[in-house]
Structure formats: structure tokens, C-alpha cells
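Before any comments, here is the structure.
Chains: A, B, C and D, in written order; residue numbering restarts at 1 for each.
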Amino acid sequence: MAEVVRLEDVRKYFPGVKALDGVTMSIRSGEVHALIGENGAGKSTLVKVLTGVHSLTSGTVYVDGAPVSFRSPHDSQAAGIAAIHQEASMFPNLTIVENIFMGHHLRKASGLLDWAAMKTRTRELCGRLSLKISPDTLVRDLSVAQRHQIEIVKALSIDARVIIMDEPTASLSLKEIKELYELVRKLREAGTAIVFISHKFEEIFEIADTYTVLRDGKYVGDGRVGDVTTDDLVRMMAGAALDRLFPERTPTIGGIALRVQSLRQAGVFEDISFELHKGEVLGFFGLVGAGRSELMQSIFGVRGRDGGSVFAGAAELKALRPQQAMAEGIAFVPEDRQEQGVILDMSIVENTTLASLKAVSRFGFPNRKTELATTERLAKRFSLRASSLRQVVAALSGGNQQKVVLSKWLATEPRILILDEPTRGIDVGTKAAVHSFIGELADQGYAIILVSSELHEVLGMSDRVLVMKEGRLVAEFDRDNAEAEQVLGAAIGATTAQRGA
Amino acid sequence: MSVSQRLAKTFVRWEAVLVVLLVGVFILNTSLSPFFLRRINLLNATYNFMERAIMALPMMLIIIVGEIDISVAGTIALSSTMMGLAMQAGASIPVMVIVALGTGLLAGMLNAVIVLKFRVPSIAVTIGTMSLYRGIAYVILGNQAITGYPRELATVGQGVVGNGMFPIPLAIFIALAAVFGVVLHRSRLGRCFYAIGNNATAARFSGLPVDRYKAALFSLNGLVAGFAAVLLTSRILSTRPNIATAWELEVVTLVVLGGVAITGGKGSIFGVILSVFTIGYLRFGLSLINVPSQVIGIITGLLLVGAIILPGLFEKLSNRMIIDRQLIPDIDSETTTIDA
Amino acid sequence: MEGISNMKHGGVRGTFLHRILARREITLLVIIVLLVAAVGIRAPRFLQPGRQLSILNDTIILLMLTLGQLAVILTAGIDLSVASNLAFTGMAVAMWNMMMPGVPMIVLVGASILIGASLGAFNGVMVAVGKVPPIIMTLGTMSVYRGMVFLISGGAWVSAHQMSPAFRGFARFSFLGLPSLVWIGVLTTGLVYLFLNHTKGGRELYAVGDNETAAGFVGVSANRAKIKAFVLSGAIAGLTGLLWVSRYASAQNDTAIGFELETVAAAVIGGVSIMGGSGSVPGVVLGAVFLGIVKNALTVIGVSPFWQMAIQGGVILIAIVANTLVDRRNQAKLSMNGVSA
Amino acid sequence: RAEGPADDDTLRIGLLVKSLGNSFFEAARDGAMEAAAELGDVEVIYQGPSTPTAEGQIEIIDSLIAQGVHGIAISSNDENALVPAAQRAQRAGIEVISFDSAVAADGRSIHLAPSDDELIGRSQVQAIAEMIDYEGQIAILSASSTATNQNAWIEWMRTALEEPEYANMELVDVVYGDDLSDQSYREAVGLFNSYPDLRGIISPTTVGVAATARAIQDEGLVGQVELTGLGLPSEMSQYVQDGVSQNVALWNPIDLGYAAIYITYHLLRGNVEAEAGAVIPAGRIGDIRVGEGLVAVLGEPFVFDASNIAEFADIY
């Protein structure tokens, strides 16, 4: 198959960080090329270099064998390269048409914009993905999955020969992931080159043809996916082998830690009742948009509710009082890391102690030594990768940011942990660490709710699984009889209608 | 972080720039006017900008949590009016002060309620209440002025500490600045303010009572505006509805020149203190050599803009130096601001 | 009558009626009609076409400035220097006319746009390249430009008898029954509408204000968009400077002082999001007209002058809150995550 | 009270006006400079805030104290608010007088009024009455509602209107244009709207009278609504010649500044005492008599009409 893009000894240095430090890679048409590496290995940076967002420090990019230099995203678009970035890269207040054509609007002979043509083209492209949304819909009214689909339409709209997807499935549900795979395969058949970035190995083995592994910004190896095993890849990524993904444990279930009774928020979730026991890991599975996050936010008290009650032990938790939930030992790791989890411009230390400031303070004044000690302890536990604990969190890679959020909540010494997608976007090594850590905590008698859209994770970690669909609890499985097909079946149900309207 | 980077960072610290500016202002003024560097003049000049300086303290906190209050000057006018009404009704000085503080507090609380309950951007709300508060003062006073304040009231705004020559307003400012500084930089509360200003959602998800803190800060801002009204009234011993006209933008200028990010989450008390004295003494010095007020306006305006551009240039230069040392041929300017 | 991107709720949800009611512009229109009716009952003369025209005449300058303000706010900025720019440009062209009465008006029009645009460009370049936050930059130039008026005029005014008849008559010669001021306002509104909704450059202002990172990903230069917005705002301010001094036949040092916050208020009332990325020309027109009517109505129905400021403040507050509540209803689904503290 | 200046000192006198950038005060400054040149041993420091506020004037008074001027002549934005600062100046041995717009008696020695308040009020009413044949509705368009001198004149106008000869005239409204063109213009149009039968407007403020003239012209009401007021000839010349206003009155700001310097000078040199009945020689103007309350009056307002206004338009 023909080589479309080739990178040779590409380097990208930021002040104090060598994000890319000699990467060589070959991207061929009609191939799905997996780009893998730990958090902070430089994958997203590579995407930005290829799309002209960042300029190169040194090295050469070849397109069709000729060296090119991308001064701006326009150049790379002109060369037929499109990307779906890891960060939110849409315009929420603009319509679908605009999101697709921003940067390369269609114009009439007069120079004015040709809205009719753009709408027609949008409908046509959406048709190719069998999407039925009005082109005039504002993106802020779309679901997460729909937004991803629009991003792909956007890539199609410039007739891209290379489409780069930076963790496209991180916030998609299984059904949508399947649809995405279909689409990727279709594109591959049409001769498009796909670069696929993911931390999920099942995914890589299912969809990718070739791979390149990065470590610390350096090229480590490449080859055909068929020739390697998970263990090989993990060894290349981390420089060492990984024991296992899910910890072995023998749960001892204790008394009731959390009781939710007929909790409801109109149009979001209805009639939710369940109990959580000490020492238990309770998995929550469902499709994206099933309302799990909203439910957890309501339990924790950062979202209102229209009825029902929540008890932690004997105490009833009131709506919109997270302080009360925290006083009862509840910790909540939210799903949206950048929006809800970290304070990007504050240091690792300040982020880590934010939820437990009282504990590290005397007379209302935080003690810097205590803070540093607490942070150091937690950073070690999660093997946080940072040049200094005084570094701002914004300078960390996504996965390392997630570790900071976990540290923050662990510092509150909780008894009940609500984890909403705790391993989203983090690499295998860290994922395993998080898993074993969840296991440890449960064994110590903590009560844990694990919300995850990754079926393997839910099944591998949970003592009991609750399935939500369209805002309601629809099924419950014990560890012993939780089979993948049944759990998934319950989540999808007979109808697969979208919540909303 | 390398040593050179650390050095560069310290060097371009905003406060460092302001210290340079302040020293520059002193040198310039001293060379231009023989009257500038007299202790009595330096002290007396402060009477004229202490109300605004004091207002800059709570405004700093409001801006750090990502909000703004444009209604302060209107609040001062209203508080002074109420204070005058109290005086006319025969109230004693302490009662007058309480009335002024209470009026300011209520005005601040109304701002808080509208901003937080209806979730309207505070700049929009306080543009409205700016007219509302001053408008109420006009409704009450019409074309009348309130005069005849007791002479003793003058002590607060015009007096000196003990028998010396240290102005009472200046002493109050220093004391308040110390309190605000400790709260902002050393206390748990201050840490929370920074967190809220940087990312209010994440702060709320971390269990911080974001709305309660913001409400408290708007109320505090009103309360301090009430206090500034007491100082101003005591200084001029009369009240008209148009007092403190256009002070809102002057107070905001003090805060942002002090290095407080208008987008919230960044800034220090030292910066604000330095900016208060830089602007105050710059204006005083220039008026000593009788530069027309409009030209003083031009100079302070340029100072504001220059003080922001220069450190940015320094930073870019020093980053370039660091990169050069690492033998990197090219650096992308857009991405170097990650820790700015 | 408006561009595709402003079809806020043209999406999947809601009945037709619901969609109509949910439009901010409609809410504002209803408020305006109610206001006019209420004032009309109190003072029937207010409803005569002639009076409406004079209100329009009085609102045009605010409207034009707010359109410039819209462009800047769309990019998540703010321009507090518009009034000072207006005063400076007005003084500059008035002095030119005073010294060389023979220079044709068309040259002065061009000059006013050019001078205003340069002052705007200075703001824009410093904001874009110098990375000065817009509110600080324009807070600075607000006093700088205002001070420059004093510098060039030496503190003196240019008054009617020093202006050529063409200059004095420029803002009010009548064409098809409407004064030129109104025509220029309508033309400007149309051009800004065309720019914002039907050109690439205009749409990029929305993109940059909505999500600057994403704009970078698709090759939209945030810097260029910001400079464009400030230049537009400056050019309009310059043109209104000429119109202002011609209309009042007097160029003074404190021309339009304090007007900058009024333009922000009109924009916010018109539904422009102060956070950038959202706002429409029709909204701004209604916002400015609303403020204009309030100001005029108060003088017409004989409200005591001492009540005017308070009432204005109260009405601005009510309009802003009402506007937000309507929008809230639309966003109710997105609930607390988005709108929270 | 500290010692006065020595005989051989050059006297430094601050001329503190309401705001810089106002043609009226620019003219007063010219007069002050003229007086200084005549006297020889006087240096005039012309200062004012950029916007007309009392706070800005206080700041300048403090700077004048710090630089040790000998005298200050003030046209005040707020008669009471300036008193504490003016007293500080007096305690520092500085001679403080006010001109044009007074500082309250506690804060100055002599006040030089441009004219007599009563005289101004009455002559304005008389002027408009003649224009409208003593019959019909009239209104007043003032500057800011807090301006002391404006309010005094308006009170006298009300008093005058009680007289039998004005029985057929009705004062329907007093509005305020804040000395801003657009605001004054809008208020004028508001008056036309509210009072369709309005016959005349008195606008005793330079900005207001010019803006009102413009509004009358724009609305096509020339001849229907008459206008008089206190206006600068340079500002009003066009409108008087166009017939929008038959006449406006004003004193001469140049003389005002000129006399203010003379008065301060003689007080400083000890040539006269600040007391009622004192007579102060003021160069080309002649003698100025200090009256009750230490108020000296410059003279009668001068009336500008089509026959003479062009001639003054180039002067102030």
C-alpha cells in the first residue's frame, strides 16, 4: 500500500519538555495505524505537529515523498490531513454546518458565503454516515456521541486522505464504538489512511493493521498488529511487563454504607433505589447518556433533584450540599477531568489538597509542609509523572491529570468512593494501578461505586453490577452471573432510542 | 524547572516590574519637582487616593474569583447619601457610619443575589446597578447637597494618627491590606478564591461553597464601599449624588495594573499595593509640575498597557534564551505560555 | 431575516411556538412593544411617526457603536475605548474642516473611518500580538485617546460658526424623507450584518470567541480575527465621531463621555454573550433601540429628571434578567453543569 | 496663619477651573495671562481636572499646596466639598478666592461673581418674555442638577415669573442636560414632545444653549420655539445669525480671569483687605467693589445679538 505521510526524526520541544524526541513513522493509505504509548508519551503532540497546529523543532515530514512544512492547519488540510483532536475542538454555540465548514467555508462567486451549498453538502455527508440531524442544530444541543460523528463528518468534508483520531472512543458507548469501527473500516476500504490513538488494547487488536509505539517522546518500535501480543505492546510502552489488569480479590461485604431511595430528577433519571455496602465495588454500566453521571452528581450534591432521598449511614444527604456528602466520607471523581476535575492553572500540590484543605490547615491556614508531604505520598502511589510537584496541572498529560484528581479525593480519606469513568484516557500501566488500588480500598472496607462505559472494567472489578438505561435502573447482576452479553443486552434493551427531545 | 527558567520567572514577576515602575516614578518625580520628596507632601498626597485604594482590596478578591463589580462608585454615592440623611435626622457619628456601612452591604448583597440567583454575568448586572444606586441618590437628593456634617467626622478622612503627621486613611489602608494579604495568600479561604477563579465548576465539584463565597465577596465589596463613602464624606464634609463619579473604572485599573488577571484566578496583594502607590504618586508628581490632567490620563493609560506588554516581552525573550541554550532552532511562540 | 448560525433553536426540540418564544430577539421585541404602548398611553404624542423617527435619529449613534462592540465581544473581548475614539476622531475632522473648509465631505468621511480604524487597530494589535487582555488594553486607551483630544484641540472647542455649512449639514440632510444620519446607520447595520453572517472573516469572529483552541485547529487565526474586530469597532467609532460633531455642530473635549458602558449595556440587553461566540445583529439593533426608547420615553412622559438614572438602571437590570431567564429555559436541560457558579 | 510672601517674590497663583478643555475657561485663562503680563511679578498656573468633579479639584488644590503657591483662584464644582481642602490651603498661608462659581464662605476670602444672580435670573426671563410677547409656556434647560450657580439663577427666574407682567407665561418644566451635548439635545427634544405648545426655552449654560439651538433647528421649530440663555458668542454666533435665537447673554470670561488675578494679587501684596466695602483696582476693568458676604460682582451680562455676535465669536 502506498505511503502517504512519512515522519523522519521529528522533534518538538517545549520550554523544559521534549514532547517529541526523534519520531519516525510511516502512514499508508488503506491502513489503520495505531499510535500507542503511555500518558505523556507525545501522541497528541504528534497529532498537532501533523496538523500544523505546532511547528516542528526539527525533523522532516514528507507527503507523497516530498518534504513539506506545515505553517498552519490550512497547509495540512490542503495536503489532505484531518484530525479529531483529543481536546474538545468544536464550537458549541455554532451550528453543525458551521462546525463542519469553519476554516474552509464554501463561497459564492461574489465572495459571500454559500450557505445553501454548505447545507446541502452537510446533509449529503451526514447521509453517508446515516446521521439524521438537522444541519442547523447547535452543537451544544448534541450528545457527546453525536459530536464525535460531526467531527468525522468534518474530516470527510475536506476529502481527507489521512484522518487522525486521538482517543475517539474515550467517551463513546459500545454501540457507538461499533458504529465508529464500521465507519473506520469503510474509510479504510475507500483508501483513506487512518491514525488511531487509543489506550484500549481490545480496540487496537480489533481495528488496527499496524502500530507505532512511543515512549517519552521517542520512537520505540513499529510493526503489524497481527505479529504482536498485548504483552509485547505493554513491554514496549512501559519498558517492563505488566502483571495483570484486574486484581484478584475476595470481597468481604459489610453493612450498608449508602442508601438511595426513589431518587429522581425530571427528564434525567427516575425512581432510582439501591444500596451500597461496605467493602463492595458496585459497578454502574450503561450507554453514554444513560444518566449515570447525572445520578452520581445528584447523590454527591453538585446537582439538584426533584424527589427521593439519599442516606450515608444514618445521615440524610441534602441536595446541593456536597460539603455534607464529604463530611459523611464520600468522595466523587467526576467524568469530565478538565471541566470538573482539575484546576488547570494551579499546582499539583494545590490541586491535591483542594478538597481536604481543612485537614492540612491550622487555624484556617494551610501548612505548606503538610501539604507537600500529603501530595508526595499520593504522587508516589500513582507514580505521577511530573517534573515538580509545584508544576501547574495544565502542563501534565491527560492521564497524569486524572491521577491528580484521584489523589485529591484520596487525600480526603473517604469511606465511600464514587468513581465516574476513573480510567478514561489513562494508559494501561496507570489503569492497572487504579484497578489494584480500587481493589485494595474495597478490601479495607471502603464502599465504591464504579461508573464505567468499559464493559471489561465493570465486569472485571465489580462485585455487583447495576445497569442503567434512559435514566432508569433496568437490571442487576451479581459478580458470578454477570455475563458480558447479558449486561450489554440490558443496557441496550429492546429499543435503542436516544434519550432527549 | 531549570535554574535559568526560575531566574527568568522571578525576574519577570509582575511585582518586580511594578517595583521598577514605582522606583522610576520616584526618581522621575524627584528630578522634576523639588517638592515631591518631602515627607509631608508624600504623606498628604495619599489622602486623595486612599478611598480608591481601599476599594481596590475587595475588588481584587472579586476579580480573582472571576467576577467584577462596576457598581462601586454608585454604591459610594448611595451610602454617602444615606449617611447624610442619618445626619440630618440627628444621628450620632457612629450611627452615621453604621448607616453607610449597612447601605453598602445591602447594595453588595443585591448585586450578589442578582448575579448568583439569575446567573447573569456580573459585569452586566453591575452596569445596571451602577445606574440604579447612583440614581437612587439622585432621587433622594435631587439638586440638593447635604452639608453641615459635624467637624469631628473630619478626623477619619482628614486626620492624622496621634499627634504625628501620618494620615489616618493611609493607616487604615495599610492595616486592611495586611488583613487582605494574609487572607488571600496564607489562608484556606484565599486558596479557595484562586481555585474558584480558575475553574468554578471544578471548585464546586471539590466541595467548595462557590456561591456562598462569591455572595460573601460581593457583600464585602459593598461593605467596604460603604466604608469608602464614610472616608470620602469625612474628607469633603458634603454629599452630592455625583460624588465619586467614574471611580469604578479607576478602581478596576488599580487592580488590573496590580497584576490581577481580569479572567480570574491570578494576582497578588503586593501587586495591588504597588499599583496603588505607583499610580497615586505618578499622578501627584505630574500634578506638582502642573501637567494637564488629560495628559496625566494619557500617561497612566500608557503605563497600564505598557506594564502588561513589557513583562510579556521579557518572558518571550527569556524563553527564547532558554530554548537557544538547548540548541533548538525554532520555537513556537503560541505554546510557550503554558505556565504564564 | 437572519443568518443560519443565529437560528439558535432551529434544531430538533420543541414546538414551533415554543421555538419562537424561546428566541431572545422575540422576547426583547415584545418588551419593546409593551414599553412603547405603555408610554403611548401616558403620552399619546409619543406614538406619532415623527416622534418615532426622532427617537431613531437619537439611537442611531448608539446602535452603530454597539455594532462595533458586538464584533469585539463576539471574539470574547470588550472595547471600552469607543467613546474616546469617537471624541478624538470627531475633534480631528472638525479641526481639519475648520482649518481647511474647502476639503470635500467625502474626504472627511474617509478620514474619519481611517483615523478610527487606526485607533482600533492599535487596540487590536496589542490585544492579539501583545496578549494584553482587551478590557485592560481598552481601559488604557480610553484615557489615552481621550487625553489626545485635549492635546490636539489645546482644550478649545470647535463650534458651529467654525464649521463649513456642508460639515454642519452632513448628518441631517434629508434623502427620501429620512435624514442622512439614519441612512448611514441603516447602511452600516446592513454591512455589519453582511460581514458577520455572510463572509468568512465574520464567521471567524464567532469561532474565535466560541472556542479559540478549536479555531486554531481549523486554521482560523485568532489574532487576525481579533484585530479585524477591533478595526471594525474603531472604524465605526471614527465614523460616528464625524456624525456626532456634525449633528451637534460642536466638537468638545468631553464628547460622548461615559458612552462606552452604554454600548456594552445595549449589547448585553440585545442578548450578546459577554463570554463571546454568541450574539446577533438583530439582537443588537433591538438592544440599542430599547435603550434609546427608555431614554427618550423618560423625558417625554415627564419623569422627574432626578428619577431618570434610577429608572434606567432598573430597566436595564430587568431586561438583562428577563433575557437570561428565557435563555435559561432553553438550556434547562444542560442544567447545572454548564451554568453553575 | 503663616507669613505672606516677601515683597520681591514672584507671586505664583493657581487658576483652578471646573475642568480643562472647556472653551469658557480657556478664555478665562487668557484673561489671567493678560493680567499676569501687566502685573509683571505674577506667574499663573492654569489647572483643572479632566472631568468636572470636586474630587479632582481637591487633588489639584493639594498639589498646589505642596508646591507652595501663594494664591489660588477657584471656579468650584461643589461649593461645600472644596471647603476642607481650601481651608488646608489657607492654613498653609495661601490666599484663596473663588470666581465664577463660588466656594462656600468658610473656604475663601473673596468671591468674584460674574454678575449678580438676581440680575441674571431676571434678565433671562425678560429676554425670553420679549421674544414670545409675554405669553405662553416656557421651560428651562440647565446644566447638571448640582451646579450651584445654575440653581441660584433658576430660583431667581422663578421669583421673577411671579411678577404680574409675566402672568401669561407659564414655566412648565426644568430639565438637566449635564453639560453634555447629546444629553442636552435629547432633553430639548423631550421638551418639544412633552409640551407641543412650548413657546420658549431658557438655557443658562453654554453647552445646553448650543445643543438646544441645534435641536430647534433640526426639528424645524425655528420661530415657533424661541431660545435665550447664557452662551459663548463663538458657540452661538451661527444660531443667532440663523435666527434660531434672537439673543443670548454672557459676561466676558476673559475679564473674569483677568479680574480674578488682580484681586488675588492685591490681597497677597497687602494692598487691600478682604472686607465688605473694599475697592480693588483691576487694571483696564477699573475698580471692583467688594460687597456683602465678600462677594464682588464683575458687571452686567453682555447681550449678544445678530448685530454684534460675529465680532465676539473670534474672541471667546
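As a working rule, a residue touches a chain if its C-beta (ideal position, glycine included) is under 8 Å from a C-beta of that chain, and two chains touch if they have at least 3 such contacts.
Everything numeric here is computed off the predicted structure, so don't read it as measured data.
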| item | value |
| --- | --- |
| Co-neighbours of chain D and chain C - touch as defined | B |
| Between chain C and chain B, distance of the C-alpha-averaged centres to the nearest whole Å | 29 |
| Whole-Å gap separating chain A and chain D, where each centre is the average of the chain's CA atoms | 73 |
| Separation of mean Cα positions, chain B and chain A [Å, integer] | 42 |
| Chain B and chain D: spacing of chain centres that average the CA atoms, whole Å | 36 |
| Two or more partner chains touched - positions in chain D | 20-21, 50-51, 145 |
| Chain A: positions in contact with at least two other chains | 302, 339-340 |
| Of all residues in chain B, the ones touching two or more other chains | 138, 142-143, 201, 203-204, 246, 292, 294, 296-297 |
| Pairwise chain contacts, counting only pairs that touch as defined | A-B, A-C, B-C, B-D, C-D |
| Sites on chain A touched by chain B in the complex | 13-16, 54-58, 302, 322-323, 325-326, 332, 334, 339-346, 350, 354-355, 357-358, 361, 364-366, 387-388, 391-392, 394-395, 408 |
| Chain D partner contacts - residues on chain B that touch it in the complex | 33, 35, 38, 41, 44-45, 47-48, 138, 142-143, 145, 147, 154, 158, 232, 235-238, 240-246, 283-284, 287-288, 290, 292-294, 296-297 |
| Chain C partner contacts - residues on chain B that touch it in the complex | 70, 114, 116, 118-121, 123-125, 127-136, 138-139, 141-143, 196, 200-201, 203-204, 210-211, 214, 246, 249, 252-253, 256, 261-263, 292, 294-298, 300-305, 308-309, 312, 334, 337 |
| Chain B contact footprint on chain C (complex, rising order) | 80, 126, 130-133, 135-137, 139-144, 146-151, 155, 216, 253, 258, 261, 264-265, 268, 274-275, 304, 306-314, 316-317, 320-321, 324-325, 328, 337, 339-341 |
| Chain D residues touching chain B - in the complex, by the definition given at the top | 20-21, 45-51, 53-56, 58-60, 62-63, 65-68, 78-85, 104, 144-146, 151 |
